[in-house]
Every structure is written in structure tokens, then in C-alpha cells.
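Here is the structure we will look at, set down as C-alpha cells.
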């Protein structure tokens, strides 16, 4: 399961030699939101320069490149990883110039009316270099120009779906969050600079102070004249609950709720809803660790690190083949035999998508001597695909969309399987359920989901 | 002095697994026309895929990438080298999609009415991702769509300057040469495939047979229905004489004239026009070698390799600094003392641009014992900048635009200096002078040269 | 603080195409023991081939290289990382050939009588290509040949210090552990193959079964004739307690003691010895996590992940400079404000070396709102340098060797500071104290420590 | 056909920050003698540092590395290229330390009594890390120490074969040439520094003045006390004639004979010995170019560049496969149709080894329209393998060792084939035949050739 992207932007009232470096550190703090590509665009008030590339932030930028990117405002972007892809064109920020001006755009989310928008833009003469929705957003904005602010306000009436945007022209930095507020975006202050970031951890990383979240439907524009805010009407909210369940770093605060606390509470409620007669609580690292701590805290069953992760398994790892294939997940995770031997274990994870990894982990714990294994999931079964930025749109890959819980329990080989209820998850997060998007669990999409636009005009290497 | 680009295209009547590989070999044969970036786009009849990157053809492509680019038609491009630049966006082919379809475009030349065209395109809603004229051409074509052929015909009335183009949509491959025919473009046949290339050497490299040159103002379209040709009116021609003087590989045939023969004749005529009382004819490798052979053949003065080039001096070569700076050109060229000692030498090169290298060579030959050095140049003094694809647009760098011949002779330290006359050069080439662009020598630009468009909207790293 | 190395070896009764691949996976499981270089040597019964390189196991090996290394026995090695070094010669295994045969040697540990041995070897005609003690070991073994077994037995009387060795000739694989048994080495079985590894996690990773530890002073030789064991007299043992404190992976079992359990018990005993009036137990990730869990389990004070580590901070990370330097440790660790705010915290780590990082962490937690911070260290103060494989030989860098505890408390800014007693640590490990090396804590070196051999004959890049 | 190596050394009376940089430029000038690996060792009077790596000089060294290698004396080495090999251990200089001191050794040539020497060294306790003869030389020297000069003198009585050596300890730089003087080695002066190089072109490149050749059997030692020379008895000489035929750069002067002149004279004599009724003389670039010029000068038949080489064909070039294999040599060489069409051609090359390439070239010229092709080779048929540094030791690959001239003529498809006589070649070089090694032509090996030592103790990747 993968998130779309991470955003970081900064506006300085005066020229700043280190502006790209600050974005660099912000992006490193957001690296968990995307490892495919990274990019930074900078304006010095007259020209927009940028650098982007495939790989981790560390790989794309070096001292020399950062040194050339001084200016007064900057936006940065990290994009999620697709195995084997090598698609330079998809890297962001997208920088586009036309009669109405020049814009750099960074986008996190997923637009669902891309077919329609692309047709409209094409009918007005726009041409495309990629198949990304982010390019559509950039062209929509530039097409509505030259007044960037009005273009943004206008675009918000056309765009449907999930979008947090950082938009920069030569003089202005604009942060936008869609009316339903699917994805997080917050504002901070670093000395006399205004900072925007997808998660508060990026503010912490650069030493910025949290000011507030960008509101759903809000446009915040920073320029030499200061900070201005605009709103489009936004009747309901739909913050992606999966940000709490999995995506965000535990030390982030989203919608004023600590992600760590939400996960810990989810673990506690899971213990109440799905108790188990066990000797030890084990979390699947790193996704299930916090909920496992919560489960232990609530149930009084001791918490132990029964599974250890090998942190050196990188992306170029050579897969085991033939005779060695039975090594499976064992290279990435190892069971701590001494701890689990003879024990009845509560095995906690944040969610189950396809179920294959969980099956291997259960098997590994049994080989290590666990007496019984009670799998507890700190969120409800995922039964519906996501159209708003999570890469689970094909329901056929979701085990809970196909099988009943009892069958899943058998498939993964657990002695028992228990999910947190949707009510429990909402309570754990602590936000009203009408402010959350829970569609992957209950199918209640906050926006009508159109048939997907599959007519790709060209494909890239 | 640097040329713009090299083009190679192929259309196969049936799917061909090796189509990108053929383009790869074609581009390697054209590598002398550009070393900055390389790219290949392929269509399988439905989708256009591409791969491009910075560096030599060998560096950009490997077996794996070529293996993924099978199809029925393909175009490839090599671009000239700029020290230290790293501009992925400028790599070609440019692939662009809009309402009217999808196009891949590869361009060799230089458009001079870019300001005007860009304004027009912007006023109709086009947006840009780079500052290259090639992107303008691509957008112009796609904007005039969806009938690619008519778009091409139409675009030829708007485009001013030098352009050879290979244009490919999902089903068609189109070769275009501007009405003045500045740059070369030829057609060949390889089994049942139609092939296009900037120079005939690329046909030779892939084993294709030369069919004919694309005519100035001609559009050749290859599709499943065969080969069709269209012409726009073209009152005069202006084939760049510098292709004969320097750019093209000597084994190419341009406008049905062998480059080698033209250079050899230039050397012969130079010997007649600018005789010298000497013992040995030496060419500056590799640019002056052929003309030196011609000079020797005509004059009867023996030809000798008095200068040897180190072929291992690459682009990452560490420049001599401080104390060692006096090594200068010596690392790249070495004088053959045994041969030149005590001799009166005719030193032949194709042209003089700034004069610094020639000065160092003369000095080196003198240190090696040459008694006297008579510099002979197989083309006239370059007095005017080029706006049609040669990187000499700043007249202030052209020594012959600033100094008289006698002064240049002193500056480079030669015992005598003689240029081939313009008439001589034209005779050597053997084409009527009204079919050639001789502007860099006589300032007679075949098109009115506008003030250059310097308003760059954004700059890239 | 850094360990020396990790070892992995395998002997198969029949030719095995995948033998290097198995070593590869074993080394990845041992990667935490060394990230500077990696190497694998393989014998097919007649020739010894090898491949080694700088970097992580993943970077050094690819499918092609592994494919060429088939055979019947293989040994592999990972070496610790030194910033900026690029010393290919230090990579292991070292392969050396002489009259008496050919040997591949991989070494973990540190020899202390290198000066003397080198002089002896030199006096007998040996020559060196590096300054490593591992080369000395290899030469000592080959010099005592040609009977490898006797050479090994003999060498054990000469070698002083810590050494686990894997030695391989064309037909035999030999595992050696020094008489004091400083470093771990275990034996396992994978199908009909014999496997050796520095830690049991490597057995787990390749699916091998643990058989037993190699005993201090033991030589285990595997050949076509089976497994033979030999012992030299070994009056006392001195297993490095720091393997339990820090080096080994928590899921390893050393000397039949689970590392995780030892750390958890250390945390429990720390809670008893050094109680604190607090609301929350926080471990410094990853080094203090297990002890923190133990502290929480014993004290009943809830455990929480008050510090989150950024797992994407790699080795090429650009350090903050000038204005941004105050970011300090914040890029690597972040305090979880919501959790720690207003709380009195027990902050647990495994040890304090220089004290600078701990000071920054305390400061960070205070900024995040912690009310009071009680630092608890799950081992005694490190007061003595190590000469047996740990990179802390310069006492001047050890804060506890210079300052009293009260001063350290002030320096790191803690409300209180408490160390586990040596007795407590020994009890936590559960081995008799006379089987452990505790020298870094009590200065009781199990071997007389000679003045270090500093006369480096040559230095390498 | 490949040469072994190139050497460059320098001794400065005072510390020189640029000493490694000078070696770097010297090695670039010698790059044609070896492309597999490069290395430089430097002494500052106390320590010897070095850096070496696989690849071209340009790839192995950068500003940073050169900056760290300052000192008073330095030696450098380039090694020949073997496709696909990756043998770091074979890179030179070899730096070795033992009781008697520390030495850096760089070697060009081939030792033929390696078996015997290795056994002797092994019996005295030496051990090996590679299978190269250069390591044997280094160990032999260090074993005979500690007086380096005497060790060198002594070693010359043991070493049999071809060897030019640069040997450096902390204070001295020694140049050695074997008593038969197979390979070239010269001495120059650069300001107040003494310089040694395999060919004079390297002196030219760094701006040094040629002083004299090192004599066969001579040892030249440079130290703070100045330059000293020693000789061992040397009854006859055997300078490799193939250095003149192929290896050396044409602008080098070997044994006081200009390589260019020797080749040009060989071409002239070839024209006298093997006249042809032809219209054009064409050389195979670059190996046959100079002889072709000589043939033309003598015969009066015009010289023309009938074959053009693609200088961008690098080592990573993707080979044509299946359907495209018939492209063969065409990607590397192209025939100049315009020039050769209808002509009777004299095609000149320096030598024929296996004959396959020559066959393809003849075919290519015929396709390009050549009427008849008379192949002329500027040296005699190669009928015997070389044991002194040229990679042609397997006679079965030498076409002239298997087939008669008439058969070779047929095989390569030439209208006629003519070789220069051995007498002609010796006359062209201009040295007495008893000062040359002509073994590859006449089998008269200057040293008894032992059966080759094939018992490789270990193989490296």
C-alpha cells in the first residue's frame, strides 16, 4: 500500500541562500511518503529554477545542486515508489510556462475527473507530456491565469478528488487543500519564513513552529504583502483515515490529532473489542508497533519485540530463487525464538491488504515455537478500493473484499483473527466520523467515483 | 563550433523486435553530430513509448532498454554537447499528446521566429516545459492537428529557420526538410523498411541502401499505405556549406556530393590559390586531415602526419592548472618532431573560429623544430554569426570578424596565412552558390534574421 | 561505537550452484556488524575464486557475480564502516597463496600482538600489502602450512587477542574461535550442509538450524570426511559483554543466551537499581528500545515511543551547515510531543560513549514539553578503552573516563542519571562473570594489553 | 593484439603538490598501452600512498584524489584491457612492505621463468595475492632487500624475460630495463625533476625534455644524492620490433628511431617489394595509416582515406545480434564509396593476426564499389607466439601460422596479398637486426622459452 506524495514549501521575506537546503531537510522528513522521485523548484523573484530526479532525496540532491538553488521561495516534492519504473517525466514539481506566466506545481492526492478535465483542456488547446493527474492540475491552473490566485480559486471548482497543492510563481507561494480535505497540509513558521508541509514532522525536522492546518477548501497565499487566506465552500470533510492507520509518521500531528496517540488508542480499543487469552503482544514492525503497545497497555499482556526487522534490505535486494525461495519473508523479518517459544501470542498489525505477508509471519512465529497466534488488526477489513491517493484501487487484490473473516483466518493460519470495528477506529482517531473518509472500509465514497480514465495516450519508459 | 543534432528514423511494414536496435546503430553513426543527449521513441501502432537520457548513445541505452522498445516505427535523436549542462528536458524526441493526437518529434536545426511562434502558441493556450525551439515545433504541429500531414504542411508556412524534422504518430512516420534545405536529410531502404537519416553514414552503418535526399520543402510520409511525398514551394536553396567544411563525417554524401571529395578538392584549390614553398603538408587532426591530403595531392608537397591526436582525452579530463597550464593543447595534440624538424610546413585546417588553438599548434610545431609554418585554411574567414544551427552566433568571438588577416597571421605566429576564397570553396563543393548558405562567410543570410528572443521564462538546471 | 565484522561460511558435500547466494543472504543478516565492505570466496575443490568490494552487501554483489561463484564451500565477510575511507585492500576474505597452499581467511576481532607477529613474519620473509591484523593472521596461517589444521592449531599459540576466523583451502572449511572466546561464532545445519555464522540470526535468515556454538579455543574442520573438532587449552573465557549490550541483533542467541532477553532483563534490573518517579518510559531507538521495554515491564511505568527515528537518513546525507546546524540530531530523531508533553520521562539507552548525542536528545525532549527527564543506562559507565574489536580505544573520548556521574548528568542536562551496576549487567546476561570480558567497564583486561603498534609502514588511499 | 603496460615516474628534489598530476598527464599520453586499470603511488619521503582502480586514467582519478597524492616522487602505471575482466588485484603499482622496507613497483613486460621464481620465493616463505608476474617481481625485489639498489641488481640475474620496471621506496626512484631491452623506457627532465616514461610521447605531454633511453641491462637510481647508473652485462639486445609495427604511438621515438618514420619507411619498402597496379592507397585506420602514406609516397599512387573510423565506438558498445549481425565491422569502419568506387585499391595495414577483420574490410570495400583490392601488410606474416608481453601466445589463433599466404589471400577475399619481408621491416626500423626481437616473425626467441606455468593457484574475479 502506498501513498502518493509529500509536499514541502517555504517563503522567505528576503533572499535566502539556504532555502533549498531547508526544503531538502523537510523532504527527508517526508521521505516515507514517497521514494520514487524528488524535486525542488526555487524562485528568486524573477526566474524559476528547478532540479528533480529519480530516487531518494539523498540521491537526487548534493551540495552543488543545493548551492545553485538559492532564492526567496521554494517548493519540494517526494513521490511514491513503483518497482522498476524509471519515469523521469512523472517527477515533480512540474514547471510550466505560457502566455499567462510561469508556475511550479507540486501535488499530493488523486484527481478523479481527469478524463473530463483533460478533454476540456485539450479542447482549449492544451497539450500533455505525461499521463499524470498532476500535469492536468498544472495546466488547469496555468490555463485559468494570469492571476494565479483567481486561477486557483477557479480550479477548485473544476477539480474533483483529493489534492493538496503547492503552487509557486515568481513572486508568490500558494498552498491549497481540497474542499473535502482528504490529505493533510499544515503551515508553520521558521524565523520570519512561512513554511508548508504535508506532515508536522517536516516542521520539526527544520526547526519550524507549527502554526495551523490548512483548512479543507482553503487557499493560503504568501507574498511580499504577507499571508492571505481564501475559502471555497466546503459542506463536509473527508480526511483519509488511512493517514492515521498507516501512512503518516507516528510523530506527526494530523488535524490536531497525534498519529501515535490515535494508533495507541486503536490498539487499546482493539484489546477491548477483540480480547485474547495470551502471554505476549507482538507488533509487526514497523506498521503494527504502536497499536501493539496500546493493546499491551490496555490488556496488561506484556509487550515484546517478537519480530525483528532487517533494516538493510534495500530496493536492489536480490530475490531468493528456486531452492531458496522458501526463505520468503524471513530475510526481512525474523522471529525472536527465545521470546515467543511456548507462548500464546497476540500478533498486531495495522491492516491486512492481500494477506500473503501475514500468512508468512504466522508461519514463521509457529516455527519459532509460538503455541498459538491470535492476529489482531487495528482497523476494519479493507473491502473497497481507494480513488483518492492510495494505491488499492483494484478490489480483486483486497482479501477482505473476497473472503469472509473466517476464511482469512484459515488462510493466514491464525488461531483467531479479530479486526477493530469501524466505530472503534473512529473513536481511536477521535475525530467525528463525518470529518473522515472511511470509504476503504465502508464503501461510502465522499465523491461519486467515475469510471476510471484508462485511455492512456502514450506510455513512457 | 558545434552542430545541433542528428536524426534517424525507420518505418517497418510489420512489427520488428529489433527496430530500436537499428535506430541505436544509426545514432552511433551520427554521434559526431551531438554528444549531450540521446533518445529513441517507438510506436507499436497504438502507443508511443520512449527512452531518453543525457550522455552518449552508448551510455543512455543498454540491452534491456532496447529490448523493451519494439514496434513498427521509431525515431531517434542525438543532441550536441554543452559543457556542464545537465538539462534532461532538452533531450529529444519530444513526445506530446493533446486532443488531436500524440506526436513524437525530433528536430535538427534552429528556428529563428521562436518569439513570435511562442507568443502565437501561448495566445492559443499552449504551455511550455522548456525553452527549446524544438518544443515550439512540437506544439505547433500538435496544435495544427489532428491530421498530421496537414499540420506539417501548415507548420511549414509558419516555421522560419533551419529544420529537419522526423515526426511520428501512432501509425505514420514523417520526414520534413525546410524549404531552404539548410540541414541534410536522406532516405534509404533496409530490406522492406524505409529509413531516414541526417547523413548517409547512418544508412551505411545499418546496412541500408541510399534512395535519395529529402528535397528542400519536401514532406515524405510513410505509413501502412506506402510512401507519399508533398512539397511546399521553395524558390531558392540554402544548404549549409559548413556541413561540408566541418560538421558531416567525411564518408557521408550530402546533396549527392561526397564530403570527403569536397574537402579534398577544397585542399587542392587551396593549394592553387594559396601556394607555399614548403617541404611537408600537415593537417590538424581530424578537422584538417582531408584538406591537407588534397593540398598535398595538388601541390606535390609530401603529406605527413606531423600532428598526432590523443584519442583518450575524454570529457571528464582534468584541466591542467597553475604551474602546468603551459601544457595547453599539448595533451590533446603532439607534434611529430622527427617529421617536422627543420622543415618548412604547410599547416592545413578546415577553419579558424577564435584562433587560440591554432596559435598553440603553431607554437608547438616551432618547438618541435619546424623551420617555417604556412597556415592554410580550407574555407574563407568566418566573419558572421550563424542563426541556423551552428553555435557561433556571437560575432565577438569570431577572430576574423574583428581582425584583418595580417593581424591574425601575427596573432597565431604563422609565417604566412592563407584562406581559400569563397569562390574556391563553392567550386570545391560543386553545388551552385545559390543552393548554398554562405552567410557565415559573406553575411548574406537567406532569411531575414530577427533580433534574438532573449526573454527566457524559466531556466532549468 | 563500531564492531569489527561479521562472518558466514558454508560447506556442502556436493557442488552447489547457489552456495554464494546462501552466503549473500547470511551476510545481509549480519550487515549490522559492518557496512564498509563485503566479500565472498568460494572453492570448487580445485580453485578458489572470490569477489569483494566496498559498500553494503547489496551494492557489492549482483546476480551475475553470484552466478559465477558456484562451488562446494564458501566464506563471506562484512566489515565495519569508516566514514570516507575507500580502502579496497582491507576488504576480506583475504586470499593468499604460497608454497604450502592457498587459503582464504575471514577474520572478526582484533589481534593485539601484531607488532611482534609482523616482525616475526617479516623476519621469516613475509611481505605485506596492508596494515590490517587480518593480513597478519592470513600470513601466519599460510606460513605454518601446508597442513592447514596444524597451522591453525599452531597459530592459536601465537595469536593474542580476539579472533573468530573462517579459513578455507581448496578442500576444507575451518572455523576457529580464540581461547578466550571474545567474539561469537556458531555452527548450524542447512539440509546436508554445515554452516558457520557470527550470529544465529544469519542461520535463521538462510533457514539453517542452530547446532551449537564453537567453543573458545576450538577448531572445527569440515571436509569431505565430515566434521572434526580440536581444542586448545583455555583456562578462562572472556566473551565480550558489549555484544549483549549493543552489537548483536536482538534476535540473536549468543552463548545460548538470547540477546533480547538479556537486554530486557538489563532494563528490568535497571528499574530495580535505578528507580524513577515517572509517567513514561522512552527508549532511544534502536539501541535502547529493548531495555526500555524491560524497564517498563518491571516498573509498571507505561512504555511509549517518545522518540521516532527517520529510517531514511543514509550515509550520503548532507550535513546541516551554518545557520541550520542547530537542527543537530533532530533530523535523525524526533520527539513525540503529544506523548511526552508534561510527562516525567525515564529515558533509557544501552550506553553512553561521548555523551553529545544524549545531551541533544534530552534537550529535544524538553523542547517537546517533557517535565522531567531521568536518564537510565542499561550498562555501567564505560571507563576503559577496548583492544579486542570495539572502536573505543582512545580513553580521552570516553566521557565516563573523564567525568564523574554527577558531572555527566549536568552535561547532558538530565534531571537524574543512573547506570546499571556491573553486577546487574552480569546478572542480566546470566553468564558467570568469569566467562565475560568486562574490561571496558572495570579495566580488567583478560590479556595483558601491549602498547599499540603504531609504526605503519605504508598508508593506503 | 594488446600490449602489457605503460610506465611513468618522476622524482622531484623538493616536495611537489602537483607530482601526481604530472604523472596523471603522463599516463594519459600512454593510455594506448593499456586501458584496463591505472594507478599512481607517491612517496613524501616517509610514507608511500597510492590510488589505483579499474578503467581509464580519467575514470580512476579525479581532482580530489590527485590532491591527496602530493610528495617528492611518484610512479604510475596503465594496464591493458581484457574484456569483461574486473581484476582489481592486478592493478599496479604493487605496494609491498616487509622487514626490509616498503616498495612500490610498476612493471611492463612479461617474465617467463615465473614458475621457477615463484617456487623459489615460496620456498623462502613468500606468499602471493595474485597470479601476476608483476607481484613476483615485487616480492623478488623486497626479498633481496633491504638495500634496494642491490636488490635490483641481484634480481636482474634471476628475472628472465621482458621487463621495464619503476621501483620506488620512500627515498628513491629506480628505473630498470632488462638486459635484452625488449620494452622501451626513456628518461627526461622537467625543470629540476627527473622523469621516466615508456614512450617519449609522455615526456612531450608533460613538457619534459628527452635526455636519453635507459640502456638494456641498466639501472638508473634517482635520490636526493642525484642520478646514478649501473649496468649488468648484456651481450645482445632484443628490442621488440612490434613496438615499431603497432604498439607505440607514431609520435614516439624509440631507441632513437621515430616510430612514424619507421612505419612510413616500412610503407615505402612495401611499395618496392610488393608493388600493385592501383589507383588509390588506403590505410586501415588507425593501424595502417602511416604505412599507407609511405606506400603512396613511394609508389606515387595517390593516398586517400577510403576507410573512416567511428571514434565513438566505446567498450560498452552493444554488439549486433541475430538479424543485424551482418553489420559486423561496418559500425566501426565505413568505406568511402565516392572515393573507392571503380578504383583498384592498395589496402595497407600493419599486420594480420587472425584475419577476420581484414576479410570484412575487403568485403566492405568491394560492396562500396572497389574494382580490385590488393592487400599489403607492412610487416611479415606473424607465425610465432610471443612470450615477452604481447598477447599472441596461442599459435592456433595466428592465421599465418596455419595457412599459406595464398590461402590467406583467398580467405580474406583479396585480389592479391603481399607482406613486407623481414629484411624490409628491419631496414625500415633502421636498427641492426641483432638488436631486435623478431621472434613473432622468425621464431628466433632471444631467450629459451620454457613451457608455460599454467598451474594457477587461484583465480580471481
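Think of it as A, B, C and D in the order they're written, each chain with its own count starting at 1.
Methods note: a contact is a pair of C-beta atoms (placed from the backbone, for glycine too) under 8 Å apart; a residue touches a chain by one contact, two chains touch by 3 or more.
This is a predicted model, so every value here is computed, not measured.
Trainee: Which neighbours does chain B have in common with chain D?
Mentor: Touching chain B and chain D alike: no chains returned.
Trainee: How many angstrom lie between the centres of chain A and chain D, each centre taken as the mean Cα position?
Mentor: 60
Trainee: With chain centres defined as C-alpha means, what is the inter-centre distance between chain A and chain C in Å?
Mentor: 36
Trainee: Taking each chain's centre as the mean position of its Cα atoms, how many Å separate chain C from chain D?
Mentor: Their C-alpha centroids are separated by 48 Å.
Trainee: Hey, what residues on chain B touch two or more of the other chains?
Mentor: As it turns out, chain B has no residue touching two or more other chains.
Trainee: Take each protein chain as a node, join two nodes whenever their chains touch, and name the resulting shape: line, ring, star, complete or other.
Mentor: ring
Trainee: According to the definition of touch, which chains form touching pairs?
Mentor: A-B, A-C, B-D, C-D
Trainee: Which chain C residues qualify as touching chain D in the complex?
Mentor: Interface residues on the chain C side: 47-51, 65, 68-69, 88, 94-102, 119, 122-129, 139, 142-143, 456-461.
Trainee: Could you list, by residue number, the parts of chain B that touch chain D in their complex?
Mentor: Interface residues on chain B, with respect to chain D: 18, 21-22, 24-25, 28-29, 31-32, 35, 56-59, 61-63, 66, 201, 204-207, 249-251, 253, 258, 260-261, 264, 289-290, 293, 297, 302-305, 308, 310-314, 316-318, 320-324, 326-327, 330-331, 334-339.
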